[in-house]
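In the two complexes below, subunit A is the common chain; its partner is subunit B in one and subunit C in the other.
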Partner chain A sequence: MATRTFTGNSWLYNLTSKKDLLWLTIWIAGLGVLWIWDALFLNAPAFVRLQTAFLNSLLTGLMVVLFSLTLGWFLGVSLNTLEHSKSKVGFAILSFVTDILRSIPQIIAVLIGYVVLTILLHKGIIRSSFVQMVWIAGTIAIAVFLEVADTIRQRIDYFRTLDFVDAMLCCGIKERRIMNVEILWKNSRSHMLHKLIAIFGISIFLQCSIDFIISVGLSTDVSLINFPMTLGNLLANVDSKQDILALSNLFTEPGYVSVIFTRHLQGLSVAFCIVFSMLCIYMIANGFVRRHKLA
Partner chain B sequence: MNERKYHIRIASEGRALVAIDDFRLAKSAITVLLGESGIGKSLISLAIAGLLDPDELDVQIDGKPYAAYLRSQEAIDIRRNGFFVFQEPSSHLNPLLTLRAQLREGSLAAAPDEEFILKKLWQGSVSSGVESILDVYPKPYRPSGGEKQRILATMAFKKMAASAAHAQESLFIFDEPTGNLDNRLRNEFLDLLVENFRNRMTTIVLITHDYSTISRFTNTYPTVSNHILYRELLLEHRKLHLRDFLPGEYISWLEKRNATTRTAQKTETVLRLQPHVKIFGRTLSISRDTEGRNPEPLLIRKGTVTYLKAPSGVGKTTIVKLMMGLIKPETMSMELGSAVYSEKTDRNVWAQHVWGRQMTMVFQHADEALNQNSKVKDVFNGLPIAGPLNEKTIVKSLSELFEEELVRGLLETKVKYLSGGQKQRLNLLRSLILRTDILILDEPLNGLDFASAAKVIAMIEVKLQSGIGVLVISHNEEVFDTLVAAEDIYYLHSSNPNRTLPDTSKR
Partner chain C sequence: MSAFSSILHKENTGLRTRLIIHGAGIILMAAAFWVFISAVEASRIDSRESDNEIQKYLDLRKMDFGDPVDRTLFRESLDVFYTGQTQRNDSVLTAIDNLRQRQFSDPAYKTGDTQDGLTWNMVRRLSGMYLQFIAVYGIVLIIIYLLAQRIAVYRFIKMKQHRESYLTQALELVRNARANRIGSIGGSAVRKLGLLLAKALVKGILLMLLFTPAYVIAYSVKTTIDTSSILFMILLGIVSNGVLIHTANKFFTFLVSESRKGYVQTAVVKNLHASYEWDAPEGIPLRTLLQIKHGFRSHVFQSIFLNARFQFIPALKEHASFLVTGLIIIEMALNIQGHFCYELLQQILYRQYDIAAAIIFGIFLTVKATEIAIDIWEHKEKRKYGY
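After this line comes the complex of A and B, so read on.
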């Protein structure tokens, strides 16, 4: 037998050969180090804000994933069923609506959602932070769930090119079961999980982008202060902006580096949190593709 | 007879793929290597031919690393003077060279008999002749699988002639070389094989699932029978070993079956398909005479087997898919029970009344027909079975085609880890467990060993006794002719035999 540097049972071999798990570990470890550093050097109110922002962003991202999966699964399966039904009217209508939605840039769709949220806040219809986060997650999900629907359709279409579907139909297995259980659940979990990791990354990116755009204020009465604290929201905060601008001091005064990681910690921490998380999510998704040979 | 014994171990990422201690190869003889699909016949042969990649697989031959074997004079001679005809011919052919150029490449350039071999292998084919494809650059879909197999066989026979001076050191391996050929072309190939062997006494391995090869060799070439060895690769108690397969085992089984004369029974007709079906711009017609002069409706009757025959590519699989409502024809008329089905029948009607209730079909490629990520026990989930489908029922069903001691262990195994033959057995069982009026079998013996094939035939007979009507498509004419009365054999013809139909088997 050929010899290997690491044996198949070695945890180090497992971790280095599974890049997605490696980057997940790096992400968690990086955030852990940041948390310890901030616990030591960041002032208490800012530390609480940072933790709240991170947890809110994480929660919103997870809700986006959940909503996108539900909507995408439903739309993907519905389009596939309608496409193969006798009447093509339903398929044409649903495809048209889907294409309209697809034509709207994601950032615009989310912005519209925030405008509506502003109106609802104005009128006092929505008050709770959690409901606001659900609204934001729903808005982002509507902008991105088509990607999940596309993956689902691609998977079903692929299996339709094989004898797989026909052979099961001939045995009297219901088409609904073939699509939902045999194709999507048993044969597409890796593909969907990969897409959901990407959706999670997109949702963090969209949250931050929108928070930054609306940091100028959406109306005289509603601004970032009225929205739940998120990473983007915290980054758009004046204190954080000043912390990041302080980096420019390093060009004229390199010795300033000794204090920058203690004195300007809120802005740097939130910026690090966003950039580092985006990088890690990207690497996790790539590693996942390689490990499960999805490309 | 001079034999070389191999100890072979092949593993991938720590998982053993093949382990055999007694793989014997007779020199200057034809070894017909039998055994169910996926058991390791090809892998062992590739290892001996020196064609495995030592970077991808952990291979040991006779306890030594594969690299050492590849450097040995034995392996060098095999590679230099031998030839390997791959089961999947596309993987052998160079897409950047015409077939004619590939037939004359390297040492093949000076080899004689090209025209003779090609002429022999193209006799009676439905394709328009070999000349039309020789200047083609091979693509996955053109030439057809059967044509590619015949081109590769031609190369191998030319190589035999070219390396005649080194016949003792060479090895020619034919891996399922007739898988895409009809019986007539298969026999032409076997004739050429024996003829070349007689002339040069080289070492040949013929890997096949087609047990008809045995009767062909035994009946046609009794004088060389001393030089033809039949060996079966078996997995017993999770251990792979090679056993001598006595041709008499198959031949006496066949003779016993032939002794029972089949006469057409006038039982109730459950399906009647009108003789002309138009699809993909072609008309397919059905008749009971081989020339197709008198088209007649295809009848499936209770308790009988109807056998549909045609050369490869004419559209046998297409027509049964059409009968199952999976493909929409341009024109068709079929009576099933009291209902009439035509090109206008909605797909939902098939779903509600036909699939799994009145008719079911076993597809020829178990790899595609089964969910590879399902556990064996879950393959039966979702079937329209009236009674309870519990573990006991599943075990009982599996026991009909699997060794009883293996069944319990198989339940939790994923389909993708089964051998090709085991998958085919599972594929058959999924349909056989249903209580339909009609069962359509498309190449049901694909990839099965003799023992399993005999069990499947016995199961079909039990089904017939229960009154089910069976329609069979199979290259194993020798076997299925024993199940069918002459009146129940139909021939399929195409209005344009020079144009093959799209591959509706989706492979």
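After this line comes the complex of A and C, so read on.
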């Protein structure tokens, strides 16, 4: 019985050959172990906050992916259509604007979005937490969607070098359908999925970073408590900061390691969630590239 | 108009046209920021004049606007002087309350900052911080460029040696033991398994460190190390935020894609060394990781490396932008006073949006300058290889 479990088609060994699925499993398992540990040792209010923060961050990340895909698809296809139209003015203007947008570091774009959000919160225009998350996701998407647009353009350009496009045009298929359905949907899903996984990772990083930055101070009228609970927001909390600071004790007092995983659990759990998620998402994206031979 | 569009069609244009595009972008952004800064300055002057008007009432002797009796007296006096202008009089009282509130709560009043906006003094102060920011950025960018290549080359050679990850090797060890119906693993195998798992753990911790956001690392060593030093900032810029690992991964992707091309097989047929074993007679000496550019002579990897490096140069642009993001996060999140990006956050807090805009423009210029430098570098490399 034991032999059958560890040979041939065992699910574990299937996983080792599919690194993306292996790392997805590791991610879920790691977070599962953390959840059980926190359920046992973390105080109830902090545990609830941690779960809310994680789910909110996940939801915002997914919204970023969705918005980036929409914006990137639209921009990529538009640029391609304009590039091959008779008048190149539209293409020239649009590529010039994207060129400028590319030179603005992502965190600055997100910061500007947060400044506007604080003004809207202060004036009472935005109240709902969900709308705030949609706003945050939209802001991050604007900072990162160009990567999706680039992938889309690369894919279309690649297929244009083949007979693929000309043959379909000869068959009477509309160019719009060739680009959107034949090239992007039928032949580029793996590439797009890989890019979206990477964007999901970047969005988690940017979200956590900007929330942490805001804890330093962005407005006297609007503070962290006005924003929806996210991992970055929870990490910026004074209790979490003290938990992370406590790690310094390990340098002078290595024996402190025995209590650190129970006494300073909130900050460590949040930090672990962020770092472990970023590592796993990176590994998933890499494994995906290898399995689908995208490189 | 067609000339204009051909200039902007980047893919088909030379260095000169690319520089024109960058120049046009800088001019456009400079104009946009100038308009914004002028608008903020105009609004500040309006607001200051309005505050001065209100301040006159606050300066009235023996008048306490916190006392309801005084407020009523004042309101009635206004009605006497401005009869029938109820709305105007209400607005004056509201403006007085607003100003009094701001004088208590506005950080600028608390710190005694005069909120003069973008004065020459401020520009001079910002310039020093900006130069320091550029210096740190330049050093980190160069180190990351060099380190990322070495990490990618090491990873590529390990891949060519068909070495599985430590975790996979450990699982393989367990599988072999079970498949051979040994039932239990012997003592030496247990030691080997332990060693593999320990290596996997250390590698995992190192990888996690590379993905850790800078503020987590900084806070975890804050009481032990001086986290406000430039050296620490440079170190954080290199190892944190996933910048190094992402850059290395990009270079690794180029190496893999190059290694699959036909010329590699041709080179092998023509008897170029093709072994990827460390320090083997036809392999790669480990020390070549130190002199990476010229270290693989007479080995097929030399061409793979040079071609990958050529493609890596333009890709550096996006990594440079991400690196700037990382440095901004480090400066802002660590509360290091007197740093360029921390100043940006402070100016946003004090609603000095004109100064904040000037700082953002400075950051934009840094990224643009990097893009220009990379374009020139790419152009030189192209000429060297006869493109």
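A few points about this structure:
The rule we apply is simple: the second predicted complex is superposed on the first by the 285 of 295 C-alpha atoms of A that agree within 3 Å, B and C clash if a C-alpha of one lies under 4 Å from a C-alpha of the other, contacts with A are read in each partner's own complex, and residues count from 1 in each chain.
Going forward, a residue touches a chain if its C-beta (ideal position, glycine included) is under 8 Å from a C-beta of that chain, and two chains touch if they have at least 3 such contacts.
Small disclaimer: the values here were computed from a predicted structure and weren't measured.
Taken together through their common subunit A, the two structures put subunit B and subunit C side by side without a clash. Contacts of A:C171 after superposition on the shared chain: subunit B is touched, whereas subunit C is not. Applying the stated contact rule after C-alpha superposition, one finds that A:I100 touches subunit C and leaves subunit B untouched. More residues of subunit A are touched by C (comparison of subunit B with subunit C). Contacts of A:A271 after superposition: subunit C is touched, whereas subunit B is not reached. In the superposition on chain A, contact of A:S209 is made with subunit C only, not with subunit B. In the superposed model, A:K186 makes contact with subunit B only, not with subunit C. Put simply, if you stand at the Cα centre of subunit A and look at the Cα centres of subunit B and subunit C, the angle between them is 100 degrees to the nearest 10.
Contacts of A:H84 after superposition on the shared chain: subunit B is touched, whereas subunit C is not. In the superposition on chain A, A:V238 makes contact with neither subunit B nor subunit C. Using the contact criterion defined above for the overlaid structures, shared-chain residue A:T161 touches subunit B, although it does not reach subunit C.
Of all C-alpha pairs spanning subunit B and subunit C in the superposed arrangement, the closest lie 5 Å apart. Subunit A uses residues 2 to touch subunit B in one structure and subunit C in the other.
Here subunit A touches subunit C in the complex through residues 2-3, 5-7, 10, 12-13, 16, 83, 88-89, 91-93, 95-96, 99-100, 102-108, 111-112, 115, 147, 205-206, 208-209, 212-213, 216-220, 235, 241, 244-245, 247-249, 251-252, 271, 274-276, 278-279, 282, 286, 289, 295, going by the rule given at the top.
Only residues 11, 13-14, 54, 58, 60, 65, 321, 324, 326, 346-348, 351, 355-357, 359-361, 363, 365, 368-374, 381-384, 427, 430-431, 434, 505-507 of subunit B touch subunit A when the two sit together in their complex.
Of all the residues in subunit A, the ones that touch subunit B in their complex are 1-2, 8, 84, 86, 161-164, 166-175, 177-178, 181-182, 186-187.
Contact residues of subunit C toward subunit A in the complex are 1-2, 4-10, 21, 24-25, 28-29, 105-107, 168, 171, 174-175, 178-179, 181, 183, 204, 207-208, 211-213, 215-216, 219-224, 241-242, 245-246, 249, 253, 256-257, 317-318, 321-322, 324-325, 328-329, 332-333, 335, 342, 345-346, 348-349, 360, 363-364, 367-368, 371.
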